[in-house]
């Protein structure tokens, strides 16, 4: 299982704390992390995964592997700028959004567009014609990751026993 | 000047009427239209442009020019699925969003991410931490297009005289 | 009909002369030109088209329309670096390769991969297991463009009368 | 270190044998494999890597992880068709080309364009103006992989001791 964490370079400190905790929870469940591979929320999530011995994939916008943060195991170099956002979402079994960047919003929209399980943590809410976009939001990392994993399992037909 | 109209295949009938009126206003101002080249809002906007003798560019997600609607003058065939959304936004001097598709939301997010002028017509609103995303919304096609053109002019340093 | 001219920024002067002549021939036949939108062979081809009053489309690798050469009518801004090469080939009804750049070679390969009509002018030859890649080469612009147009017509089922 | 093996779905049986041997040699040197993730040469290379306990990354053209061959550890889902070829080349420290597909030729051209170390095994040769494209070719898997690793090391400034 591959879980995406989407979030920007620039975010409030509590978003970084949250992202690191999300990374830890992803690794504890044996899932791999995929993200944008740069700093901020992305780096915090990667650091959390590595603290628990997990695997991190960084899908980079630029043309050099060297732009990846220090916790990326597998740098994927796209050279396609923001088009790499779609690669992250498409490669993930579920998507966790953290914080309020516009790049994050675009990835949330793609997850919804593609029907990928999406959960939010301190992130955007969106409404059209009085109706909110359909995804669940949580306050803590553990519950968010549990829910993302459960949604990914449900989508792939897997049953896990406690 | 190139103006993007973003909107989905599937939308309520009033969105199609609005999109066609937007297309007419774009052509009347001598701007070209760029859009996703398929049906629904995209086709309606193209039809409006052609009714006024303007030029339409359709940036297609699939691998064949034949998927373009009948009002596309210049089909750009990407074969990159939703990654084509970024090409639309990057190629435009201003972006007009119509309706409530998730693809539309992703393009709005990219426009905001890239700092492109964005105006909305019967479309999404988004908030983060109690603050709305910063773009203007309008109720009618003429005012929306006037504002989009003015924002694009301001960005490129052009002054127009009435 | 849209004809692609592929060729690099850097080429010998005779390639530029050839590219401009190809551009003129494309416009004389009422076809549009699509190319990479930058300098060298691309700029020469665009200049030739504009000298005959035709239309030029430049599919740019970078993030700004301003990088297009002065003869591009419709700049398509991809922000995807060399991935834009595929957009050029996919959007064309036939492809004309000029000169010896590696980017040009990649586009020739894509044209062959996608089954697009391809003709060569002072360009690469390639062999595998003793067999050459299957495309025609010419020495002059007029014959090359005539052949490209004929191949594109054959592919789309059009018959033209002299 | 990440080594790319590029080659098509369709190739003669000896190309598959060669690709599997290349995969084994890559894994024995502790490098990861990146490839297109589908069948043929790609699957054979992945099988070789897994036989030696290595790691395989498959960069897929389509929209579903399920199209990866059974030996892919990390499926990267691009949804961008052949544009994924560039992601493979950009993400690799060196590139090994096997066989005579046109997709393979396009990736060789991109490797040359980007200045990535490239070695060939039973693959294309290309000439422009009487000069061959500059890359080394080998007859056996072991020597080819040794050379690819040495070229990648030289590029990144690493010295290995026998």
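Labels A, B, C and D are assigned to the chains in the order they are written; within every chain, residues are numbered from 1.
Definition applied: a contact is a pair of C-beta atoms (placed from the backbone, for glycine too) under 8 Å apart; a residue touches a chain by one contact, two chains touch by 3 or more.
What you see is a predicted model; the values in this text were computed from it and never measured.
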Two copies, chain C and chain D, superposed on Cα atoms differ by a rotation in degrees, nearest 5, of 180
Sharing over half of the contact pairs with B-D by residue number is what counts; pick that pair out of A-C, C-D or A-D.
A-C
Using mean CA coordinates as chain centres, what's the chain A-chain B distance in Å?
29
When the C-alpha atoms of chain A and chain C are each averaged to a single point, how far apart are the two points in Å?
41
Junction residues of chain B - those touching two or more other chains:
63, 79-83, 86
Which of the residues in chain A end up touching chain C in this complex?
63, 79-83
Counting only contacts in the complex, chain D reaches chain A at residues 2, 32, 57, 59, 63, 65, 74-80, 83, 86-87, 90-91
Could you please specify the touching residues of chain C with respect to chain D in the complex?
80-83, 86, 99-103, 105-106, 108-110, 112-114, 122-129, 133
